[in-house]
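The structure that follows is given in the form of structure tokens.
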Amino acid sequence: MQHAATSSSAAQHSSSAPFPAPLTGVVPPLCTPLTADGEVDAAGLRALAGRVTDAGASGLFVLGSSGEAAFLDDARRATVLRAAVEAADGRVPVLAGVIDMTPARVIAHAERAAEAGASALVATAPFYTRTHPVEIAEHFRRIRAAVPLPLFAYDIPVAVHTKLPASVVLELAEDGTLAGLKDSSGDDGALRRLLVALRGRGLLERFAVLTGSELAVDGALLAGVHGVVPGLGNVDPEGYVRLYALAREGRWTEAAAEQDRLAALFALTDVGPEALMGRNSSAIGAFKAALHLLGVIGCAATAPPQVPLDSEAVKAVRHLLEEAGLL
Amino acid sequence: MQHAATSSSAAQHSSSAPFPAPLTGVVPPLCTPLTADGEVDAAGLRALAGRVTDAGASGLFVLGSSGEAAFLDDARRATVLRAAVEAADGRVPVLAGVIDMTPARVIAHAERAAEAGASALVATAPFYTRTHPVEIAEHFRRIRAAVPLPLFAYDIPVAVHTKLPASVVLELAEDGTLAGLKDSSGDDGALRRLLVALRGRGLLERFAVLTGSELAVDGALLAGVHGVVPGLGNVDPEGYVRLYALAREGRWTEAAAEQDRLAALFALTDVGPEALMGRNSSAIGAFKAALHLLGVIGCAATAPPQVPLDSEAVKAVRHLLEEAGLL
Amino acid sequence: MQHAATSSSAAQHSSSAPFPAPLTGVVPPLCTPLTADGEVDAAGLRALAGRVTDAGASGLFVLGSSGEAAFLDDARRATVLRAAVEAADGRVPVLAGVIDMTPARVIAHAERAAEAGASALVATAPFYTRTHPVEIAEHFRRIRAAVPLPLFAYDIPVAVHTKLPASVVLELAEDGTLAGLKDSSGDDGALRRLLVALRGRGLLERFAVLTGSELAVDGALLAGVHGVVPGLGNVDPEGYVRLYALAREGRWTEAAAEQDRLAALFALTDVGPEALMGRNSSAIGAFKAALHLLGVIGCAATAPPQVPLDSEAVKAVRHLLEEAGLL
Amino acid sequence: MQHAATSSSAAQHSSSAPFPAPLTGVVPPLCTPLTADGEVDAAGLRALAGRVTDAGASGLFVLGSSGEAAFLDDARRATVLRAAVEAADGRVPVLAGVIDMTPARVIAHAERAAEAGASALVATAPFYTRTHPVEIAEHFRRIRAAVPLPLFAYDIPVAVHTKLPASVVLELAEDGTLAGLKDSSGDDGALRRLLVALRGRGLLERFAVLTGSELAVDGALLAGVHGVVPGLGNVDPEGYVRLYALAREGRWTEAAAEQDRLAALFALTDVGPEALMGRNSSAIGAFKAALHLLGVIGCAATAPPQVPLDSEAVKAVRHLLEEAGLL
């Protein structure tokens, strides 16, 4: 069977160690470096993966929103996965975003991710179509049943336009469908209630809660999350690793100060003028411009149809990197 | 070149006649009949396509929202396209939905649609990601540049969570990027202003405006749209053909009465209880239940993870069909 | 008591004739002319009221969104009501907006409106607070029970952020709580289904459905609404009266042409640059600038904190009035 | 004149001490106890105010969302203010919500609040109408200019449907228009960036940032907010005072544990079934039911048209109070 063959070849790269349960630490959602003509720059991706791993990341998340998954066709997604699995080389697990509208389409991505050697999958609720909580639960169950990799739910209302109901997360945590949650909802009140409920059921020992926030990680760790998936961690992975370590040592005031420094750096995402480009283009464009200025990647291009940053904006990126002591 | 070969084979099915500019009339967005185990029922689709064509449809739109495009993986989408092109057999054009998040992914669908013999493409604005109007325009331009088929913009805010700005539509109508618009925004005020602006620029003679509404088609035709793409036209294509003809003859009061009858039938979409299923499951489930009761398709299944209608809801479907004189 | 005195003096102005059931025709939602220092210009309001009445309006609606009700304190609202009742002088009914958050507050406005001689009340669903359909129904019942004037529901989701559920409207139409509906939801599909349901229950003979749209009035009349409450009717009342008359005579094509002309004139609402002011400031500012240019009112000021139109925008207003043949 | 008399009598109650800049600590947004027939229960309000003050609250906020301000007419609002000022008796400042749509209406409330002896005002952005950031800034400036009391901006998107832009807050903090912010946006990422920006400008020493969250107060204090305005503080003021004190002492792990306990208690807000009542009715209804069960107020009624809790829900409230050790 072809699947098995591909899979075993991929297995050379994937970790033989069991996937950590729960996953903890800093798991940057890697940007996808592109060439000027829109192809995946695999070397750039490996460099980026190496940099964040060396900084102390405990996992790599590819093909998420920061990774421009929505903008990549299947061939490009496959290239990203292969490069990431190679770069991780078994040192850290690779979580693969399998972003698509419904279970049938997600499962197709999931099968390819498994073949490529991904360690775990990250799927959103259905989007484009309107769904009921019962249908959202069924969506995750079908993905989990089809591909035997740990499955994370990706709660990102800004993209899918529904918030994952706490009741669905609890149900799927309890029955083992989900290995964890990446919470990019920004709703830290709801997150707190979820954490309290998971703890009450004894589930926090195996179900990983990761915040997708860049800006309130200290508070989220204080509240009990296991880790963080910060887009800004592409630019300053050491900052997030430091913040995480300080929190784990209970040095909360220092953790807060580190978070403050990173929050100031997050002004990166505003360098693109709102009148001229989408928020996505501005944020991802700035992360890539920063990686380019830092010498990590060779080209700062974002995928079409995103508007590129102009030279004024790139200058602002440089200024912020200098202020943060990164350049 | 492989494309050409595949394309020429498909060309046996596709109309040799030029695509009508502007497209007019009733273009039902075909449901995708499925078997109980979730495969595309090609025979059912051909039967459905034949039924609406015989009723006087001027085109077939497959892989739209009513066609559950979001729920179908690429293989199933291909099956749908092949069946529709076969069924149309050159009698009416086949418009293919190429629903995906961004241009790179849409273009992949568009190439497959062209190979399968589709006559035109129907694409939404980018979704999942946040975009700027400039990026939306670029999105359509890239699709149009990549695949030389007439391109329709599909304005469906309930799914993509942005409304197509009138300025973008006008720009892309004027420069020939778009051959038309399927307006499922439900914003008849904005539609009216767009029609007035298109007429003022002399564009209504080649740019087709089709309303995706089932419920205010008489008013839309009075306002100047060229045609209608009614989901309910799966169930009662003759009703919409009659409504269209009455409007074209200026028999507005009779057109309104026909619209009223169809609006009453639209209660179909409410048979599924909101507490138990999504609005999508209820509407598509009811259309399919109706087609099953009418003997057009062999199985009323909707794609996972949609909740199926219960027997109570199916009874309500039967009752509405009887009231409408269809059963 | 002073109130009683005012009330009896107002009673001289209020129509002794019964309120029409259902209300039909063109009922412009009057702008509230203001002086440069923000006081209500009662003379301007009387001039405006006189102008639209002379043009053939069948009623006056004051203190709606076009009337900047949200911006007026209770004293200014009272001045508006007195001026409108005086100007109407029993020739046409005066509908009074009683815009506030919840029944207790709405009822206070309603009592003052009744004292001032208003013929009917227009209330939205609760806003600021989140409500359930059962609570929305109770809201209208309490208003109706407290003040014995015909009560219209004002469905305006852009302001109150909920859409009035059809089930609530039907229930309150059936039990006599409501005398009618002003539908500013822009959802003509939902409106059609409501009309069909009201007709099926025999309610259209006493329950008035008025569209608040400026742009699809021909279609709404074809669908069966009783009348229209067009903000643009401040500027061109004769246009809407003509459109209404053409529709009533079944001259639909001519009605559509008149609607097209008015839709072009509606570009007024876009003269204020979106980067500099809210949509409200732009639309109301343009209506008032037009009324000023037409010599109806002495000052085009809008209420604080709205940004005023700049001279460029006023020039655009003048141009549109000229194009429409009004200047 | 009666107003003057009331005012001077109120002045006896209002603190002669200057309003703290910045305001810190726990400032519960007091519920408004009502009698069974909907009148303000002034004795109940004084009891509640006394209880939270004795527990260590550093201020009282009346006529906020928890205080059902939206549901109270002007007379009832005045009763609430008088009772609160009396109860505070100069021991703690009384912040008065002046919730209304636009500056003219807010100023009318603000004048009455000043007369009643309030120490500070709390106003939202304009609502019902659509506004531009420039207009929002002007709104606050006008309120501040009209009534010489410290002014807090109340950022509550769930009610007003816009988020206060950080740029507006910074501008109004810098120029002295605002004395502080009550952030009920739930957007802790944006809050963090605002805190960093305020600190960078040296404004945190006089501009108070208060979180309106009940659920992530530990994280917010770690991030640098000055205090908290927790609706749940009506029920368990001592819990929030304890949480605040632990945070101030840098005992973060204990603070987090206290927050966890309070987050579990927050399940109160879910006791009302979503199918039967609005979220507002459920949350405020539960707070009042708890205060009734705790013997603080004599009647748990909420204002019309809110649906009251049924006996099942009240039983759930009792259970949660017992679990939290409050009963």
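Should a chain be cited, it is by its letter among A, B, C and D, assigned in written order, with residues numbered from 1 in that chain.
As a convention for this text, a contact is a pair of C-beta atoms (placed from the backbone, for glycine too) under 8 Å apart; a residue touches a chain by one contact, two chains touch by 3 or more.
Not measured: the values here are computed from a predicted model.
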From subunit B, the most remote chain by mean C-alpha position: D
Computed distance of Cα centres, subunit C from subunit B, in Å: 37
Inter-chain centre distance, subunit A versus subunit C - centres from mean C-alpha coordinates, in Å: 50
Residues within subunit D bordering two or more other chains: none
Topology of the chain contact graph, where touching chains are joined (line, ring, star, complete, other): ring
Interfacial residue positions of subunit B with respect to subunit A in the complex: 38, 65, 70-74, 76, 99, 101-105, 107-108, 126-132, 134-139, 142, 158-161, 276-281, 303-307
Touching residues on subunit A, where the partner in the complex is subunit D: 186-193, 195-196, 199-200, 213-216, 218-220, 222-224, 250, 252-253, 255-256, 259-260, 263-264, 266-267
